[in-house]
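First chain A sits with chain B, and in the next complex the same chain sits with chain C.
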Partner chain A sequence: MNNVSVPHITQSAADHFRLVSASLPGDSKVLELRTNAMERFVAKGFPLKSDEEYKYSGTEKILKDEILWTTEIAPERVIDFDTIRNLHKDALHVFFVNGELIEQASDINALQNKLVICTLKNAAYDHAEVFNKYYGKNVVGFDDAFAQLNTAMACNGLLIHVPEGLIIEKPIQINHIGYANNQSFYQQHHLIIADKGASVNIIENYISNDQSDAYFNNQVNEIFIAENAQVKYYQLQNENKQVVHINATQVHQEQSSYFDTNTITIGSAWLRNNLNIKLNGLHCETHLNGLQILSGQQHVDNHTLVDHQMPHCNSNQLYKGILKDKGTGVFNGKIFVRRDAQKTNAYQSSKNMLMSDDATMNTKPQLEIYADDVKCSHGSSTGQIDKNALFYLRSRALSEDKARTLLLHAFAIEVIEKINIASYRSYIENIIEQRFE
Partner chain B sequence: MISIKNLHASIDGKEILKGFNLEVNAGEVHAIMGPNGSGKSTLASVLAGREDYEVTDGKVVFNNKDLLEMSPEDRAREGLFLAFQYPVEIPGVSNINFLKTAITEIRQYKGLPPLEAKDFLKLVKDKQAMVELQGSLANRSVNEGFSGGEKKRNEIFQMAMLEPSLAILDETDSGLDIDALRIVAGGVNKLRSSNRSFIVITHYQRLLDYIVPDFVHVMYNGQIVKTGTKELALELESKGYDWIKKETEQAI
Partner chain C sequence: MADILEEVTGSEYKYGFTSDIEMDTAPIGLNESIIRFISEKKNEPAWMLEYRLKAYSKWLTMKEPKHWPHVSYPEIDFQNIIYYAAPKLKKELASLDEVDPELLKTFEKLGISLEEQKRLTGVQSNIAVDAVIDSVSVKTTFKETLAEKGIIFCSFSEAVQEHPELVRKYMGTVVPYTDNFYAALNSAVFTDGSFCYIPKGVRCPMELSTYFRINASGTGQFERTLIIADEGAYVSYLEGCTAPMRDENQLHAAVVEIIAHKNAEVKYSTVQNWYPGDKDGKGGIYNFVTKRGICLEDNSKISWTQVETGSAVTWKYPSVILKGNNSVGEFYSVAVTNHHQQADTGTKMIHIGRNTRSTIVSKGISAGLSNNSYRGLVKIHKGAKNARNFSQCDSLLMGDKCGAHTFPYIEIKDQSAIVEHEATTSKIGEDQLFYCKQRGIDTEKAIALIVNGYCKEVFNQLPMEFAVEAQKLLAVSLEGSVG
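Up next is the complex of A and B:
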């Protein structure tokens, strides 16, 4: 695969957009926004290594000559939804197969009497005002080719709208099951809106069928958190090791709101997370945590941006990586403190463990501070398993494998412990434990 | 119990142990004293199986088996225990879970089933009381945030839990105040029995007031250069180590 075909694929996206744009969800203003997004995408093209933001994650290697822009019909009968449910019984479940909602398998009805939850297509008709107001608004300022492409073309995904004061206790787990053929490119776009004083917990669980070929999953999540509202948003990225996954989460926080996110990445061949948080009110609190466990030739890139626009906000970031074999990881964390954002507390930490000579980790913390009364810090470390600790455990009769597992588990647990939904935390612990065995 | 013959060991090409010999019988307590750099801690590390050291010559027989052929974990399963001079902090690994795993591994090696939960908890409670270790410490991460004294007490607590046949105490007294020293020594004394032996490595005689040894050896330049009883330790305390060095050098 060489660079020559990148413009070719960019053009094929533009052609497809022309074909379908009239039928995409949204009013004429949304269509205008989509068209602009498409133009920005075409102008930028798929990001290459020469793009500073994709320095370690150029798409030269992952793009194929042809891409299928339409998703095929989901072979839902072969998927065992109950098994997925039973792994996390305390949640309400929503199922997508190849980007299409499987309504009859999902708990949409159980959820609907309390809040608005529906597909984007339905949202554009049944909740047109909300849809047209919010769609794409958090992506406009984010100059990323994948996010623009998604915003232009996405017709699948969910609108989750939690009205004022409503507290949804049970976590909503959105399961994305990939069952696609080679070169499918599917794009979902969620709108998650928590009105004043509302609270909702959302889990996104990405899995793929073992027999599934390589496919692209390019997702955008727009999260709007109004005054005094709370959103917990957790992701488990566990697709098979041929999948290319790009995920942008755009968060807008208003005064005294709370956001907590935790991204566990163990799957896919090539994965990029963009997490952009805008703190647009006083006294916001935001927590970003991530754990990646990579093996084989997996490549995972976590890009975060926390934009402190207003005073008295707190942000905290902890990202950890365990890299085996030829795994490569990237952490690029940017904290932006605007001139008005006095009394900001912003912390960031990236810790990584290399388990082989061929594993690579690139970390790049960036602090841009324009206010003068703030507390900000960042730290980054990349090392190997502590030999002294390993010997200590072995001298207490633990086999080398068991000692290693115990130490890796101890390293990972710091991130897992920050998951604030008990049932989901133990679900993750089980999955991680299996990874170490 | 253990028979060490002509042990030579080096690290990074530098020879530290230069023909070390020692016989320890069941139930005996041997103290090894000596100036800094004489090879005391190297001896402890080599016996426990630390891979940084290369054994270049000699033989060590432990419970009729070739110790040097065994992995560190198998040495522990055979009943060897090293109380570390610098116990390692391991954040995220709970003291109790780690001990439970250790005991299970030892029992499995001996063909025994894992301890029942209630028996394990009783054992923890009893042994904790023995070394006056607070319950909250046992539930915390291994040595994380422990004071120097707590770390050493935790070593003795682990020793009590694992019930080794040979325990090597590597400068367990260093950095301890007198109260902590009494507690640690008290724990060791309670574990003394006719089928358990100790090698107590120390720089100072003070510990031997509390743990009274059967033999005292002086180590210098990678070998034992003098052997006596507890009176030798007192002599060293009053006269220092210089006369030993002189005597040794004259003999050469």
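Up next is the complex of A and C:
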């Protein structure tokens, strides 16, 4: 079984698709879209190092063995949902195990009131119109092999549809618990739709308790934000250090809408975040923030693209990384300003700290600009702990360890502070603090 | 504003004339026998031919780098290029009087009077010129004066004949023929170029300069420059280039290698003004150049300064490998694109030694329908302790039909490194323009003033003679291009 080639795995995905395609949720149009996505995936194959977009994250390293395309929950495993719930009490919780919704543990009924929240499979029947209208629409123009593969094959995930004017105060926390077998590959696909003037806060929490399992999690989140609507979308990526995680968030914003995201990455062996924001209306506002704290042999790649299609939009990005041991961090961000998107304000910043000589940081902050009346800038810096600051704290009788921890904490807090849900922010603060100890 | 735009688009490339010089050319196309032909023409030793053939067979296996640069151009037919074109020289020239008068006229038109150079011998601010026309060096001035100091400054072919040990020792050490598609092509078919060697402890008393001119039609220019600064030496080197206006696209693929030994310093300045094509994007030079220097030993310094205003398509990344401890690399660039020009240019700073420093200042100006990209790499190797880099990349957009892009690559493998990168994109401030106009300066002049101020940081790095030329060039390239 050892050492199969990447093209071989691409082929095995295509074979599996042929087996299951008829049973996937959606009408004939969706099936056509899935088939097209599969074709594009096969044509492109899993991205290798030679692919400019995966220059620092070629899949040669992670795709070495046969992949199991189906996952089953091992019944003997008992999951303590309440512990997870208690860590963040001020939220409504939804639980997924290996990409399957655990309905009896989730607060879906409490949410059902006016909001539509259901699995993708149910959505295809109960909310067929919405599902067929939105599924895959934000992925079509996005030439990423993983996202195409997901769009072709995904049958799990959630549809969250917030109707016009509805404001959901309590954050919805989606907990993903990985218990999958070695080499299993599961894919979820969320559709999050906020109609005019609606507002919703969503948190995705990725955990995996079992230290021995190495699985693949390839997720796509399609977020549609209508006029004057607001979506806050936060992720805590804390799976164990065997897991390969690929996460694509495809956002489509209409006039005067607001989107805020914050990605905290501390887990996984190999992780890639793709964030694609399309600003398709005037006066949109979008904030992307991320923090990665890596140790061991972790590899984390944050890829962002903010596509300014219309005038008078603002976008802001702040990504920070702390790299210990042999950790490898990548930040690749692009501000893309189209011909018509005058009066754009776009800012991007990437700041990183290397804590060891074996750590590596690769950054590629990019500007691609076709409109002249814009203010766009980016900054990137990589360095180590400021010796003067360290000395100052040492002179105040802090131990070297304490002083370092304090400085790292101060470095990280800038990203955490941008989380706009108080209860979740303190939850993250606790986790990060533990991480520094 | 529209009128002014009209005026500029009508302004002509002033170096676009052709000269009627008797030429000696190779048959069209590329194969092994062409390479043997070139080598034979130049009466090269066997090792040189062997190097060319090795490069050629490597080139055959390589692909044109088309997927990553932010430029697009039609497929180049490499079999439809003349790889060797030289002005016919009847015999060895003993003095300038024997040079073909047509040739001298050409250089006079370009503002480089070889004769005048001769007359002014002894004046401090003189520049020694190596004039290269269609891949062949026609005349090198001040050779004797330089020889007194032990400086070797001659054409590349001459160096192959007279200093084979130096050429053999250094050629291909910085840019091996395996490096990239165009470097391989150049290594196989290069015809001439400049060679410069500054011996131990010598400070070159004058600016050395090479003037490149493409003249013949249907040819490609493939020259090679090799500069070696031995221990403690210093040299400032200038490079200028122009080409006639033609409807066809001509290929220019050069290789420049710089080697700086202990405590040596090399300053390399370029004013690149190849024919950029007409206002509809017809014709122009494809400029695919590999330029790289290595700070081989401790305390050495290499500095690149470039003013890029020409070429239809530019693909150029002057780089420095900072191998010696405490070595310094610098890159200062102004890249201007107008009409349909495309430029993908920047630098690479590879930090290997300890306490190495590099500075990157890049100013891009795009106007018309052009696209101007900065693409740069800063790489800190493991063990490159206390490496320091600062990069500043600014782009200025003039008009709403052009594009300005920044693609920096930053790869860091050492925790003691401090690397900073900043980039901005904007247009000329309304308030700045208003201020100037309020003081009675018309729009045209105000723009020139503001742009000059914007580029000042880079122009300050140029030798005086070049700085003046560069400023004028900039004014011509951009005249009224603000809409």
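Of note:
We take it that the second predicted complex is superposed on the first by the 426 of 437 C-alpha atoms of A that agree within 3 Å, B and C clash if a C-alpha of one lies under 4 Å from a C-alpha of the other, contacts with A are read in each partner's own complex, and residues count from 1 in each chain.
One rule holds in what follows: a contact is a pair of C-beta atoms (placed from the backbone, for glycine too) under 8 Å apart; a residue touches a chain by one contact, two chains touch by 3 or more.
Bear in mind that the values here come from a model prediction, so they are computed numbers and not experimental data.
In the superposed model, A:368 makes contact with chain C only, not with chain B. A simple residue count on chain A separates chain B from chain C, and the partner touching more is C.
Contacts of A:395 after superposition: chain B is touched, whereas chain C is not reached. Applying the stated contact rule after C-alpha superposition, one finds that A:316 touches neither chain B nor chain C. When the shared chain is aligned, chain C comes close enough to touch A:377, but chain B does not.
Overlap of the chain B and chain C interfaces on chain A comprises no residues. Interface of chain A with chain C (complex): residues 52, 56, 339, 342, 352, 354-384. By the touch criterion given at the top, residues 48-51, 71-73, 75-77, 81-82, 84, 87-88, 90-93, 98-99, 101-102, 105-106, 109, 141-142, 158, 162 of chain B touch chain A in their complex.
Within the complex formed with chain A, the chain C residues making contact are 67-68, 70, 382-383, 395, 397-427. Chain A makes touch with chain B in their complex at residues 386, 388-389, 391-400, 402-403, 406-407, 409-411, 413-414.
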